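Letters A, B, C, D, E and F mark the chains in the order given here, with residues in each chain numbered from 1 onward.
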Amino acid sequence: MEFILDFLTRFATQLQSPTLGFLIGGAVLAALGSRLEVPDAIYKFIVFMLLMKIGLKGGMKIREADLGDMLLPALFAVLIGVIIVLLGRYTLAILPKIRTEEGIATAGLFGAVSGSTLAAAMAVMDAEGLTYEAWAPALYPFMDIPALVLAIVMANVYLTKRKGDAGTRVKIWPIVTDSLRGSALSALLLGIALGLLTRPDFVYDSFYEPLFRGLLSVLMLVMGMEAYARVNELRKVAHWYAVYGAVAPLVHGLIAFGLGYIAHVTTGFSPGGVVLLSVLAASSSDISGPPTLRAGIPSANPSAYIGASTALGTPVAIAIGIPLFIGLAQVVFASA
Amino acid sequence: MIRQAIKLTIVTERLLLKEIIRVIEAAGASGYTVTPASGKGSKNLRSSGDPMVSDTYANVRIEVITTEPEMSERIANEIGEKFFENFSGIIYRDQVEVLRAHWL
Amino acid sequence: MIRQAIKLTIVTERLLLKEIIRVIEAAGASGYTVTPASGKGSKNLRSSGDPMVSDTYANVRIEVITTEPEMSERIANEIGEKFFENFSGIIYRDQVEVLRAHWL
Amino acid sequence: MEFILDFLTRFATQLQSPTLGFLIGGAVLAALGSRLEVPDAIYKFIVFMLLMKIGLKGGMKIREADLGDMLLPALFAVLIGVIIVLLGRYTLAILPKIRTEEGIATAGLFGAVSGSTLAAAMAVMDAEGLTYEAWAPALYPFMDIPALVLAIVMANVYLTKRKGDAGTRVKIWPIVTDSLRGSALSALLLGIALGLLTRPDFVYDSFYEPLFRGLLSVLMLVMGMEAYARVNELRKVAHWYAVYGAVAPLVHGLIAFGLGYIAHVTTGFSPGGVVLLSVLAASSSDISGPPTLRAGIPSANPSAYIGASTALGTPVAIAIGIPLFIGLAQVVFASA
Amino acid sequence: MIRQAIKLTIVTERLLLKEIIRVIEAAGASGYTVTPASGKGSKNLRSSGDPMVSDTYANVRIEVITTEPEMSERIANEIGEKFFENFSGIIYRDQVEVLRAHWL
Amino acid sequence: MEFILDFLTRFATQLQSPTLGFLIGGAVLAALGSRLEVPDAIYKFIVFMLLMKIGLKGGMKIREADLGDMLLPALFAVLIGVIIVLLGRYTLAILPKIRTEEGIATAGLFGAVSGSTLAAAMAVMDAEGLTYEAWAPALYPFMDIPALVLAIVMANVYLTKRKGDAGTRVKIWPIVTDSLRGSALSALLLGIALGLLTRPDFVYDSFYEPLFRGLLSVLMLVMGMEAYARVNELRKVAHWYAVYGAVAPLVHGLIAFGLGYIAHVTTGFSPGGVVLLSVLAASSSDISGPPTLRAGIPSANPSAYIGASTALGTPVAIAIGIPLFIGLAQVVFASA
């Protein structure tokens, strides 16, 4: 009871956070038919800047970190990516009116990770003074890649079986490299490498760090406009996608929270780390995931998975997921 | 000097550009021209998660000029069979007169 | 498989894009393709306050492929009458052979 | 006499302000045929950033303000928008060689407001320590929309009468919403809403505020290049447009100054507020106005009104108007 | 109303745009349309130091519609002789029916 | 011996500088086939920002400087531009398999100056506290323009002679104005003018200066990606271009170092100034040079000169040249 009250207060405060404000503002503008536009070049550059910032910081801090601590959370990240896809495969994908391969693709997208949702969570946590392990953002690929790979493999196995020919096997390595080559993961990993191997402190402190929050606010505006624009796409596909888009982020986040809690108890994974793991799980890929899935499961209609993710999954993860997991952490770890 | 040729035009999702260029080059075409495009058809899949709200051109328009009519058909067939079950696209051709080209 | 069709091309101010698409869709066309363009003609109105000094494409080039010749005329007439008294633009058409299309 | 000397000194100092310097520099570069180019995406993003900054600040401050004070200035803003259009209708538009509807359209554009001129004025005033009411920038739409609506209505009434058919009435509401949907007003109003409803202080202080002056300098560069590029367009239309473009900004600004003075005396409207109101009046719309007018008065040749505004109106408003109104304020309100 | 015309298309390096427009205007054409393009041919010179890794369109595609067939040939010859020894480019033409134009 | 050890240490440190790190990172990403992309609009804007920053600073400082001191270094800059072209003309351009006019064009490009390499050097020197005369960056056009003009003139004289017609003389003035109109030189010169004539201190301190290092890091990323992409172009041309691209920057830099040393002894040119002069010499133009050369020597295949410059010349100048010249300065001028 108290927890719910607490969450509602937190949620109300969260509504005043500019992150969420810009997201909602974007959706409202789009709904009102505003001609305001953030040019594509700016959008792409902002995504680069945010992931580079996250990567640099991670890389700079990892130097001092004990990477042994990362082992269990990284394993859990992989596990969560796998669980999300399997869960989607045996719930969403078996529902009536859902084409199995489209259900699997959607689960893959929700298992993958959104750099912008991650950035939004980090901004909120920084504002609240909730700290996490330096390497926590580096869990990103550990969840992202297995989810995409598994979804593509399962969908192709399914399609091959249906066709009855047991011929073509799906190659895993190309899917992995394709994921790694995506612009989001490339920027993140380059940032980590540069943070680790060079001394980017000055450029980080004078450029990437101070611009982070502001650029994030512009990105949230775009994602709000985008969410509204995609609602129509979502309308054209089975209603179950909407249900999944609204519920899955929270379910995935809570599963991750549970696993994170185990890591907390066994290896001292920080409360902030647990929250970040939950956000990674709750988020659904918006930049690199869709083209990878499109190439890997070409017969799945992208309107289904992109609609579910952009119109509902991401707003839910940001607006409800982030405050929920932070609130949960404060309740659960306060007593601990 | 003036040479009758076929101009083959392919409008499809930008996502496929690299692979389509591979098909065109494999067919032995002497060149191609790409322009950004957007549009609407009857399949109308969104190919990427790129923002719709910005001014993105999500399609490409690829033109291949060739003096061998059956090359245009070969390219069209290969692209059609390989991609158009799952991807948006249209292919058409018409006759042009090439006045200057480095491959003439 | 191969189908004779008319390709109608409209080059006009970007400002009009939305309304022209409305006309095209109302006419029942199966699709259209838009490319960015700039240019010069004899009317040459600047449609917007957009900076000229940057690399803006202030025109659009819209192509509609249709198997019904009179549809192309209908669209051209409606657009011409509705817009071309006050806006820059040109409309032309030619014959193409459609090799692949999802609406065939 | 002393005032004139004072103004000239101020004007000379103003010439050294980077704002004006970049404007002139842009024009010079364009005149010399430089290939320097500010990409369209950057231009659009800068406009967004400046108006969002102005809006956020306004919104954050309005919370503490007594909105009752805004009533009279807002009313005057509407009045000024109307006066400018009427003035143009019965001077410029009745001149020989001027097509009436084009004269009216031009008056509409000059009645509307330029976000960049407003930003330039705010930068100069901040540098000079001249303060104004938090809500003063929010007077923007109160002048902008009535001017555009009135111009479009008057032009259409005129055209309908001339044709002799008293048929089609002009609908006002679509013009209002079209104005509000323009990218400039959208950004400003979104900024105000977010400033009012969320707590964007951190993102404002770390991003929108520090980048303001610099982005403005780049925008001034673009506007200078643009002014030069449009001179040719201006040459093709009647000379009266050039006269109007040079004189109208100052006349409009002085009318606004007078009304602002009344507001100062009666309700304590601040000297800075009076200057800002004058700048709003002196400015002519460069971003949202043209497309709205184009759609609303399609038969008016945009070369006339855009040429007059971009090639002359805006440079005059920035280079002469801003220092003039500030100087005037210092003379007038020093004694008060 | 409907008027037969020639559509001349020039695809070449963006670097040449200004000079080619000068040729077109000098030839007395009533207008032209420019679209951004990229592509590959047999000469394939890189015209500028512009980054290849970004999404630049290094070519332009210029269309000139004219009712005088020999004007198209004149423009093609002049451009071909003046530029195509050293620059990439292709020129071709076909027949179109102009339905609306301000210069008709 | 000690110097070599010293240089190697310095070089190793330099490898950790983010400037070099981003350059190498870009090349690695491109080699791995990453889809990361810095939009063209962003690239153009960054180049503008860096050169405007360098120009503004130079202009602001020149006010206080004794321009008489600039005379000899400026003369040397011209001389170096000329020497580089002559050297290339009588080494590279006479080699077998090298078309003479292409060799000359390449020498012209290497005689011209790269704004990004200059910016990279200034960032490293600022970090090391190595100062230079305020007007030193303004030496840019004194080397750039003579090199381009001379190369174009020599190539055309050669081509005309070969054809046997002594008809068409090459006009010099159009080449000079074309160089000055290029986007890089335009931005630099505009910056100098504004720094000199206006008071841009606030906008400089709040915008151009703080963003400098960060924007440079992004530009280095682009140049790294670009270098890799151009390697293929380089492969298609004679091997001598690769040799030249690798060796010339260092040779040119050392010649400039020698001349700079003379200026140091005779007129007190600062050690930092000598380093900067060496970097100007070592750098090869990446933005304005290529189109100017293309227009001036149309029959020279740009793959030769752009490949040699972008794929090898610039990386060598930045990675080896900058630390080498700084190290040399510390050895040479420490004793002085």
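Here, a contact is a pair of C-beta atoms (placed from the backbone, for glycine too) under 8 Å apart; a residue touches a chain by one contact, two chains touch by 3 or more.
If you want to know which protein each chain is, UniProt gives these names: A, D, F = Sodium-dependent bicarbonate transport family permease; B, C, E = Membrane-associated protein.
Everything numeric here is computed off the predicted structure, so don't read it as measured data.
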Minimum number of chain-to-chain touching steps separating chain D from chain E: 2
Set of chains adjacent to chain D and to chain F: A
Comparison of A-F and C-D by number of C-beta pairs in contact, larger one: A-F
Self-contact between copies chain C and chain E, residue sets same or different by half: different
Chain whose average C-alpha position is farthest from chain D's own: B
Chain A-chain C separation of Cα centroids, rounded to whole Å: 40
Chain centre separation (chain A, chain B; CA means) in Å: 35
Separation of mean Cα positions, chain E and chain A [Å, integer]: 47
Junction residues of chain C, two or more chains touched: 35-36, 94
Shared interface positions of chain D, touching two or more other chains: 37-42, 210-211
Inter-chain touch pairs (all): A-B, A-D, A-F, B-C, B-E, C-D, C-E, D-F, E-F
Chain A contact footprint on chain B (complex, rising order): 15, 45-56, 85-87
Of chain C, residues touching chain B in the complex: 5, 7, 21, 30-36, 65, 94-103
Touching residues on chain E, where the partner in the complex is chain B: 8-9, 11, 35-43, 57, 59, 61, 72-73, 76, 79-80, 84, 88-94
Complex interface listing, chain D residues touching chain C: 30, 37-40, 43, 222, 225-226, 229-230, 233, 285-287, 289-291, 294-295, 298-299, 301-303, 306, 309-310
Residues of chain D touching chain A in the complex: 39-42, 44-45, 48, 177, 180-183, 186-187, 190, 193-194, 197-200, 202-203, 206-208, 210-211
